[in-house]
């Protein structure tokens, strides 16, 4: 059963439509990430699911119930805010128990649930503190605990880790994912950080300008990006996107006309190649000139130039190369993505030119 | 930037000049006169006109009139000016401020300034009742000028409506009650029109002075150091006032607002009101019904206190200035000027011969209510005035209001006020 | 459905209550408009067909020197405002940026005025003014208010939030102390000046007790005192003319507030008066 | 310059402070002390000069029934105005901070009394309260109530003054609450809504506690105002009937400027100053708290 489903949901701010006919479903117990750059409408979508914004059109269903016009509290969800939204005058315990107090849950049950949850998120020793006396990570845990204690089966998270430093963010990623699995809750998680999306999600919805760009498991998005946008958004560094030109022999990367890759169809394409899928060779391949190299420890990112297009290449270890060196770039054709330059969409039925094949 | 700074400086300089308003100019004799006028309207124009006439006749005397607000303000301002060494030679102030002014050693007696027999005769030209507040310790300290008294305004239409003779207003306390009862019009619980209203805020002691006088009792002695608040006749007068509301129901209970009473009368919410003669012009202008003006009714006798302002001359001025001030006061109180003043302002003509001037004769003929106040002067008495007059007056005001609002009995309220007043005045005996 | 309905009903009632309160709050002003624009006989009667008139304004204007009162008030307000800005800026700068001997003690002495406002000390201040020979001058109305503890406190708070780096940067550029104050602190504190200025102007435009005591002539009396004397119940209340005079007196402030309402509220928020 | 560096801030500090300090001393500190001195002397006239009388004025004060009445009135006035105007201010702020139709207009209506001079509007309120012809009575008549002498009845007069004062003050305090409300993060309210907190619950448990610093600031202002606001008395009641609506500062004014008894006025002022001093101590305690809280 779908835990959440949106059908043709629309949202306008005045005259501007910020969410256009959005439809998707979230499987029960799954971890869905709404990913996209800022302003793409992912937070608005989340807030409409929460009921903090009211959709101007379409239907939102939670556990098969139409909640489009229900107030937030009736939707059976909990939420973790980017700013944590902790009440500064209440201590940790009071903050966690806020919702249970509103619902007048019996005292023993409250204490029992509090104990459980506090232990789960590691706050047992801090219950009497005020938010101002907590570190960023601890505040994050309070916000999580407040979401968990309600025992709602759906939890919405709006960029919950963006205020933490890199190391903590990494730890919390793992922790949140583990908690979600353990509790079996459905999570809808908003982020602009693709690494977060890739590492946590069961499914990712990549959004762009109020619309869905691509839905899929993280590896689908990584391996078969549906659009140029998806390709450029995911991966560090992202996929190389190279312009093509038509030659008599076929379609080739601009600046590498001698190495036609595709059968010419008269259209312009964009060739997508992940840096780690490219290898350097001294003898055969697309010729390029090496530029800067960026040593990252486990590997090195090399910048190669094909005429005036940069191509990033990931090589293992500390590559010892010289700037200005002439190299040839190689890759497996199965790792090559082809996009229609006009629409930006992925092309599946391209034909490899003979030379490339 | 520089430009704006310069403009700011110029602005500051101009403001400074205006703010500090320097005094300037010197003539042969320059008089500063404080005058208690609240409204800068017709009255100031009248005074200004009279002063201008005087200056035309006496080019060597220049008069600066300072309109200082109400009586209380005028007194404070004038005293403060004297204290801080600013010039002030004469002033119109509340007639009852006399003891305060004497105690402050601020004024001179006219007897000490007048030189000629003619001047001495002039002192006796005024209505005796108007002189009462200006005389103490056998000397004359104040010359009546802006004077008023209490009269009864009544709605003749209402009298006709109640089946009463519109030309026979109540002449006694009992008639006031019986007529009042007829005039009081009720609809269910609601009173549509009251019989009579006597204001009890603002100047309750003044209205009360009328009631006690009618019961043949004055409120204080002529030396200003003893009050008669707990005299049986005084208590009786207050009981009567209270009964008008509580027992006879011809007047609303509680206090009645001085300021809004005229409006109540004009809106015919009361058939009669006791009020200052100062309201005559306004009532005449705004009444949409036939109204009359009558003397206040009598118990043992008729009676009303006088009210308003007298001329005083300040001690701290040169002989020359004192003579000039005297000249001005004499000029302003000539019969013709008094008549003109009375017609223009509605205040009483302060001397009998003013009423024999052609102007006032024809005015009274044309508008008989103007004569009522004059005729009543025969029965008038001084307004409450003692040493520590502000305090003593407030004691009586509070006692009257306490009784009228039912928080104390008239007797308790008045004897309380009396013992307090005794405490204050003991040292002046 | 019924839950929705009761929510809507509750909301509707709330809006109605808010509007009713707003109506109550504005009603004195509405009455002033009614009474001022109708002949005197309608001052206490409300009839739709009552004729309109401007006569009350003419009468009020001619009966008292309102033009002069206006001038006095404007002079007073300007004088006080300029003096407050200058004095409070200097003092606040001292408290915010200098470590000087006795600073805390001096600041405590300043704060005393937050509690003991000039209104409380009318008796002694009157004596002082008469010693100084300043009774009945516009200067004397403003003098006790010029060194305003509230202004010093507010500006000090604002100055303290200005990063020290800006100060240092200006010093590196060769600015003198006064230049730093005028070019860094004062411009950055603009919202505070605006909010404080508005509070000060409306306070002194409406101040009554002290000006009543200290002034006694037309050339110094501000509008409030002129109005109070004009409308004093002693001489009998004529609401048509009094309300006309009232409207004349409040019009500038009212219009200014209507025009700058948004800025007013916002400057309050920026100034951190909360 | 460099050499005397250590002395510079002291000189600068005091120089900058001097103009304000002179005025503060002249019109706040000196008169405070002078009031104390004045209060142990007797009233002086030209004939009887003022003399040292020790605590005599204070003894008179204790016996002065008007003083006790006025003091009690002031307490009632405070009780009547402070909580009501604050509660209304909060209510108004919450309303105009939310999604109210015609919000700007409503806000304007609430705030207008603040910019109207008290003495000017007092005359309008006089019309409301006047018996028979006044607005209250006119409305009352429609509903069949008998006329009431609002200002002439000692039981109602003070409350009439209270109502008018609340009307005057609430809109001013509203601005402070509005500013405070707008500085609260909106997520807090959203978090509350998600948990199903009603608006009242949210207000009571979250917004109101968070507005506490504002409330304390405003209440201190309100307390001071309850001693300071007497303008309306000059027009409406002059403290009557029988001092039923008189307040301490008005009584001081009367004693000083109507009875011309400056020493006794000074004695009364000392009472007012002590009351304010007690509040001041309270404020310092509160300020400490506020710093810890934020």
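By written order: A, B, C and D. Residues from 1 in each chain.
One rule holds for everything that comes next: a contact is a pair of C-beta atoms (placed from the backbone, for glycine too) under 8 Å apart; a residue touches a chain by one contact, two chains touch by 3 or more.
Nothing here was measured: the structure is a model prediction, and the numbers come from that model.
Undergrad: Looking at C-alpha means, what's the farthest chain from chain D?
TA: Ranked by distance of C-alpha centres from chain D, the top chain is A.
Undergrad: Measuring from the mean C-alpha position of chain B to the mean C-alpha position of chain C, what distance in angstrom results?
TA: The separation of the two C-alpha centroids amounts to 37 Å.
Undergrad: On a C-alpha centroid basis, what's the spacing between chain A and chain D, in Å?
TA: Each chain reduced to its C-alpha mean, chain A and chain D end up 58 Å apart.
Undergrad: When the centre of a chain is set as the mean of its C-alpha atoms, what distance in Å lies between chain A and chain B?
TA: 90
Undergrad: Quick one: which residues in chain A touch 2 or more of the other chains?
TA: none
Undergrad: For chain C, write out the residues touching at least two other chains, lowest number first.
TA: Correct list: 44, 126, 232-233, 237, 239.
Undergrad: Listing for chain B: what residues touch at least two other chains?
TA: Residue numbers touching two or more other chains: 76, 202, 257, 259-260, 263, 267.
Undergrad: What graph shape do the protein chains here make by touch: line, ring, star, complete or other?
TA: If you draw each chain as a dot and join those that touch, the picture is no line, ring, star or complete graph.
Undergrad: Identify every two-chain combination in which the chains touch.
TA: Inter-chain contacts occur between A-D, B-C, B-D, C-D.
Undergrad: Which residues of chain B touch chain C in their complex?
TA: 8, 11-12, 15, 18-21, 38-42, 66-70, 73, 76-77, 80-81, 83-86, 202, 257-263, 267, 278-279, 282, 286, 288
Undergrad: Using the touch definition from the top, list the residues of chain B that touch chain D in their complex.
TA: Within the complex, chain B contacts chain D at residues 72, 76, 79, 100, 103-106, 188-191, 200-202, 252-257, 259-260, 263-264, 267, 269, 388, 390-391, 394, 397-399, 401-402, 404-405, 407.
Undergrad: Quick one: which bits of chain D touch chain A in the complex? Just the residue numbers, please.
TA: Residues in contact with chain A: 185, 187-188, 190-197, 201, 205-206, 209-210, 212, 293.
Undergrad: Along chain C, where are the residues that touch chain D in the complex?
TA: 14-15, 18-19, 21-26, 28-29, 31-32, 35, 43-44, 86-88, 90-91, 93-95, 98-101, 103, 106, 109-110, 112-128, 143-144, 146-147, 149, 152, 177, 202, 205-206, 208-209, 212-213, 223-225, 227-228, 231-233, 237, 239, 242-243, 245-246, 249-250, 253-254, 257-258, 261, 265, 268-269, 273-274
Undergrad: Which positions of chain D touch chain B when the two form their complex?
TA: 45-48, 66, 126, 130-133, 141, 144, 146-147, 149, 151-154, 237-238, 240-244, 254, 257-261
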